[in-house]
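In this document, chain identifiers A, B, C, D and E correspond to the written order of the chains, with residue numbering beginning at 1 in each.
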Amino acid sequence: MAEPVLDIRNLSVNYLTPRGTVKALRRINLQVPSAKVVGLVGESGCGKSTLISAVIRLMAENARVAAGEIRFTGKDMQQLSSRDLRAIRGRDMSMVFQDPMTALNPVFTVGRQMKDIQYRDAVSGKEKLKRASDMLSLVGIPDAVSRLDNYPHHFSGGMRQRITIAMALLVQPKLLIADEPTTALDATLEVQIIRLLKDLQADFQCAILFISHHLNVIAELCDFVGVMYAGELVEKGSVRDIFHRPGHPYTRALLECDPSVIAEPTRFLPTIPGEIPSLIDLPEGCIFHDRCPGAAQVCKNTPPPEVSLAEHHTAACHCLEV
Amino acid sequence: MLFYLLKRIGLAVVIVVVAVVLLYSMIHVVPGDPASVILGPRATPEMKQELHELMGLDRPFVVQVASFLGKVARGNLGMDFFSQRPVAQIVFKQLDETLVLVLASIGWAMLLGIPLGCYSAVFRNTFSDKLVGFFSIGVIAVPSFVVALYSLLLFAVTLKWLPAIGAGEPGQYMDQLQHLILPAFAIGLGWVGYIARLVRASMLEVLNENHIRRARAFGLPEHMIVFQYALKLAILPTVTLLGTGIGRLISSAVFAEIVFARPGIGKLIFDSVVSRNYPLVMGAVLVSTVLFVLSTTISDSVNAMLDPRVRERL
Amino acid sequence: MSTPNMQFSKIRLSRRSFLKASAASAGWLMLPGLGMHSSWAQDPRVLRVRDYGDPQSLDPGIASNLYEEHVNAAVHNKLIAYKPGTKWTWQLEAAQSIEQTDPTHIKFVLKPGITFTNGFGEMTAEDVKFSYERIIDPELKSPIKGDWATLESVDVTDKYSGVIVLSKPFQPLWMTTLPYMGGNIVSKKAVEAAGGKFSAMPSCFSGPYVIKEREPKQRTVLARNPEWKGEPAGFDEIHIFPIDDEKTAEMGFEAGDLDYTRISMSSYKNMKKKPPENSVVEKYPSLYYVWLGMNMEHPKLSDERVRRAVQYAVDIPSILEAAYDGVAEPATGYVPPGLVGHRPDTLVPFKADFAKAKALLAEAGYPDGIDLDLEVRNKAVYIAAGQVIQAVAAQAGIRMTLNLHDSGSFWSLGDESKGDRWKKLQLVLNRFSSAPDPHYAAQWFTKEQVGVWNWERFKNPEYNQLYEKAMAEGDKDKRDQMYRRMQELMEASGAYRFITHEAVPVIYTGRIVPALRPDGMPLLRYFTTA
Amino acid sequence: MEPLLEVAHLRVRFKTKSAVKALIEKDKDPYIDGVMGVSFAIEPGRTYGLVGESGSGKTTVARAIMGLVPVHSGTIRFNGENLVGLSRDRIKPFRRDIALMFQDPAGSLSPRLKIRSILAEPFRIHGMMPENLSVEVARLLKMVNLSPSMGDLYPHQLSGGQARRVGVARALALSPKLIIADEPTAGLDVSVQGEILNLMAQLQNDMGLSFLIITHNLAVVRHVSDHVAIMYLGRFLEQGPTQTVFHHMRHPYTQALLSAHASPDPDAVHHRISISGEIPGLVSRPQGCEFHTRCPGVREKCRRQFPPREDAGKDHRYYCHYPLSVPEN
Amino acid sequence: MNWTKQFFYRLYREPMGFFGMILVALVIVSAVFAPFLTTHDHNALDIANRLAGPSAEHWMGTDQLGRDVFSRVVMGSRIAVWVALVTVSMSLGIGLVLGMMAGYGPKWLDAALLLLFDTLRSFPTIMFALALVTVFGPSLQTVIIVIVATTFPVYGRMVRTQTQALGNQEFIVAEEAMGAGMVRILGIHILPNIVGPLFIVASMDIPVVVTIEAGLSFLGVGVRPPTPSWGSILNDGYAYIRNTPWIIIFGGLPLIVTTLGFTFLGESLRDIFDPKLRRDL
């Protein structure tokens, strides 16, 4: 693999709360190779959003990077001045957020907002608007030129998400970070957006870090997948490895639970019993041990090692160590 | 939009009519006789009676209200029997003074309050934010008539920097401006704090919204984010506040008008009530009520103009 | 992690740039700063005075308030006018000569060459006749009709002379009619052209000043009358500001906004001690009279003993000290010292006598004291006086509740035409203004005034008889006796406890020479620069 | 078997503007249709699934059955009795037999009441206070696998899954015959949604409850419901036994929805039936077949007239001029 | 951490709120224990000693009637606190009932009540005060009526908005679905959810109310003398402002202390419990 666009090494992030330190992310290692789509999957509270906030350095005020580093095109994001950081954001790196309904400023026209993100470019305003409308057409918004004068509320949710994607791609980033961009959309729209992203990624050749808890979206779009559980990256690998040969018991359980995976209709669906452990008082050993059907004694008191299962495919589990 | 405006105006008219009826019924039960005040201690009962008839006070309540509303509908606020002048002329003359005062107060309060609020929001939880917060809440709390009294004493009487009473020579704008400073300071001070707090609160809210986060993720310069993207949204509640604020100030300016012996509609109402000058009371209250309703209507409309989402729903 | 209230990002906007951005917009606020104190600084040709009320009617025939007379006296002429100074006396104004030929006839000759402005020509005896006769004309319904109570007619002898004919002798004429409100002479032509009376603004003037502009509630501006041929007016303009509150006026004076104003009694001592730079503080005796009245027809007060108890329970010295700052003297009736009819002493001593009051109360059947309501106007001095009365009377077992009224409510308290409030009226702290003749004050306490201005409902036949007789009595001593007796009758009824005549402290700048009546009221036309 | 609930030609309309505004704007029909005449029946002990995207009118159907929105026309028979047009008092007894479970689990629990009081609400409202309330509450909590000590907590102290269980418990309080579950699993992680669905299934087995499940999740419906209806802009485009609809679907919309819910498989050759665009708003209801604006197989006729009802077998109905051919399998 | 402990902890952490709490405590202590704190009879005249400066005998000097200003200021806190409590709770009560009726009741009732609120709000306060004062005569009761009449529409409108917002929430729909009646929904489900924010707004209104009372008394249309309201102390002192400024200073200070205290406290409460709460309605 060539040098990854984004290289997260040993990242730990804590939240300082009145109740104690929430260890939201622990020892995350993740690489996003250039022009590839990396998916991050996990249930609520697994730390996906924290990871993104850390990457773009737009973190909550009480969040602290406890350890590790994030390298973006070789630069250590933690060391960058806010000026350098701003130079990266919206140029080499751009984002699509979860809720298209609130991601655009309601009192400015779409054109104005798309123009403003090109504020660095020394071209005429007309040229910027032209680029904007071209981009809108590209993401499938009909009659793009005239719609530049519309306000966000003139667009439906799906349209708005297309606009935010257009904005994200307008700056031709090296890395696009997509934070659950389809969660708020209906299934038929989700399909459309995924397809759009896939096509555009092929055209623009940018890397995408894609976050979702919809397994089928991840499966369809991504080249590599990381599975997160309770602040840890428990397994990562190519999309086929993850979906066809899941190593970590959590990945397996997660796949089994999805009702669309279960071919035969059944009244009783599989579940993962138990709850996510407290991130303040972390259990010793494997983070998943108290919900793991195959937990052994070692799982309870020793943190699991990272086991390589195939090229690029690793999982953190004692039981895979043979 | 047209429908919205019609609806607002219709509502305003209804409010004004209800206010007039309310006012008339209040006047009806308030003891006191304009005749004894107008005519002075030397008036005879016959003279008083005649004045009552002239003012229509002998007619039944409903007739009085109806005839007043009828006259108002024809654009006539009636005659002031004290000074033998049309009420409208007197009221509007005083209204000018009050409006100048109110707008000046709100104006400087806004010019100071909005930047303070933005500053506080952007530098939230810093020492200077706390300081600004302390200051703004402090000035909200201090009663404006106390501010008026002290500033009068300090700046006019003791230091003699500024004139103490009146509104200045008509036509001499510099003079009028100087006469405006202290009263505008006194009633605007609390609003500085008020506006600063409100702008800070709504600014904080807006700065936490997703689209601001997105704007930051795109590396937009911070001044653009704060002063354009966020302020345009954060200013909306302030606009609403100003609408009701201007209306409320019109009547609460009475303290400043009394302390600084300034002419104005608040003082006019106060004096006319005290002297039971009913035509003036009616006229002045009607006009200030209309103004209140108008300013809320306008501020709502301005709000609607600023916010395209609201604008188009109308 | 998705905490709902996530706050993103640290501060990235530097304070300096922030301040720059906001300072630009707020900067102009500093502009009208210090050292720009200029245009309200004194213009030597403008006199700025404060009066306590805003002139309502400026037609001399229907104006009845002192602040209206202050204006009218400067813009119109009378046959005779009060002479500035410390003694109540008059001087010729429009008249070249004037004499009482017999008790009912007064002969006058006008100065020739007094002109009305706006081309209404020279003042003639015809104008005098018109001006005085219109006041008694029932059509005009003049509030000052009483000032000309016995006027029969004014007979014109020639262009400049005439005779005022009275139906019966009227002694107050020389002190309270001719030199006062009833004495102003207007142009017959002008008034008739205006339809019988001047509505808002008179259309012509004859005095040293004319009314230049009138802004209700703001100010009245008098300007030099270019056609005036007499002693030149002292100022180019006189600005009269209606300021009800004396404290505000004092403040205005100290800030340099006024040249002359009456000040409050509470400020007098201190201002006298330490007057503002280049100013003079003086105190004048006033014509006002303040008294505690009792409604004789109220069930609680119908017993004379109760009324007398109240009289004894009111302590005049403490009221004068506390409410009037020790500036005012006690009153013995409605006639102040120095005028005909002044009583040297009262029946009930100034100092309260609680034992006597208690005894009277007990006698009247209130051994445990009595609860009474005291009605007071809501001005600082009356509130203070009311509180002293309340506190002191409590020691005699009279428990008072103070009810404050604004003037609108107060002035109709005892008015029978305004519902039943007069029936509930018990005690009232009252104050009337007066003129330099006892008749003026005496008129309000007749039987006819019961339920109008006589709120005590004092009905004494002897009083009424004396009132009629004193009006015509030519002998000064007899007249004096009559008015003393009348005031004694009032006090003896128990319904009155006279308190004070107050005092009129005034302040004026050293740059002007004021012309004041003996009671400190301004005669604006005679004000000059120092 | 006699259906427990039988809805026929149900139509719900909403007023969009005030009478005055409508008059001024010369809008003769200031109404929009939320539900355009749907019919279905639920038999005792069975589960009916109502599927559709946001804005399709699923929730309106539920609320109409509960009497929370006024019904314009049609009938809703419960145990043979028509609920439409009944007065508040007359309908109250039926509210014991029909319970509603809400989409937002925490939001449907009164935030200032303890769980204990929330569970007691149904009894209080219907004046059926049990002799020992705490025993009853404990029983309800136990039924949904929660500890009785939870009764002392407030709703915001519960996790999403727990709140939903409390919702189920409340719905069960008066032993209803039918539970209408509005998006019972929305917002839940896959690992938890099974718990709720399993609980519902178990209760159905134990107590013979009927369910009307409203959801946008076809994958869930496939497992839990006996019958299913596919809703679009207030209409059922296709309805029938779940297996039939899933395997022999005739409507292109059903097909598109199903393909959007395909199982996650990176290698599956995705010939997804993708439909373009979004569901139009109720205000801009298209002419003819409402789905024609997005239908891949749209033809002229579709734009003009709404297709008639077609019966494709036992209980299987659809509305399409040009239905899909029946798959070979 | 239990609720009260947490509450005080957070208030303590918030220096403004802590400061406010101390000031408020000061005022309330002085109101409650006024009779034990005064050094003189607050209404006793001592004309020989009028306008005396602060001394060991009279800590804040005496007024123009020789009354002890300190004792009057202390007793004045009773008036202020009493007026504030009574008016705010009355406005709150009326506003709550009418607002909930408007927000949950039928449309016509909503329109009628809204009209009432807006009319009362658009009426110049001073006019209202003067009219009522002239009708009933200046007294504590009148002041209370005036303040209630001018403030309850604000609460009414706020409650209405909140009730409407709550009425659309699922837990209310859930109650309706179970067949709960209007009284039950308003009383058990809506009321507890709006009183919290309303109490915060009310606490922020206390200084406003105290100011109105003082303002009316200052204008001479407030409480009946010799009742020692801070406004009437100011009015008394205003006449002697130049030479005996301590009356104004000591009469104005408690007013400032009270308004500052309650405003600081109210703002902090708002920040702690309901940062989104706004008063711009």
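Note that a residue touches a chain if its C-beta (ideal position, glycine included) is under 8 Å from a C-beta of that chain, and two chains touch if they have at least 3 such contacts.
What you are looking at is a predicted structure, and each value in this text was computed from that prediction instead of being measured.
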Under the touch criterion given at the top, what is the topological distance in steps from chain B to chain C?
1
In terms of C-beta pairs in contact, which two chains are most connected?
B-C
Cα centroid separation, chain A vs chain C, in Å, comes to 86
CA centre of chain B versus CA centre of chain D: separation in Å?
53
Suppose each chain is reduced to the average of its Cα coordinates; what separation in Å results between chain D and chain E?
50
Could you work out how far the Cα centre of chain A sits from that of chain D, in whole Å?
32
Flagged in chain D as touching 2+ other chains are none
In chain C, the residues touching two or more other chains are 6-9, 12, 406, 408-409
Two or more other chains in contact with one residue: find those residues in chain B.
30-32, 153, 157, 212-213, 216, 258, 273-274
Contact residues on chain B for chain A in the complex?
209-221, 224, 228-229, 232-233, 306-309, 312
Chain B residues within the chain E interface of the complex
11, 14-15, 18-19, 22-23, 26-27, 29-32, 130, 133-134, 137-138, 140-143, 145-146, 149-150, 153, 157, 197-198, 201-202, 204-205, 237-238, 240-241, 244, 247-248, 250-252, 254-255, 258, 266, 269-270, 273-274, 281, 285, 288-289, 292-293, 296
Applying the document's contact rule, which stretches of chain D touch chain A when the two form their complex?
53-54, 159, 189-195, 197-198, 201, 216-220, 222-224, 242-243, 256-257, 259-267, 270, 272, 274-276, 278-279, 294
Would you pull the chain E residues touching chain D in the complex into a rising list?
169-171, 173-181, 184, 188-189, 192-193
Please name which positions on chain A make contact with chain D in the complex.
43-44, 156-159, 186-192, 195, 213, 215-220, 222, 239-240, 243-244, 253-255, 257-263, 265-272, 275
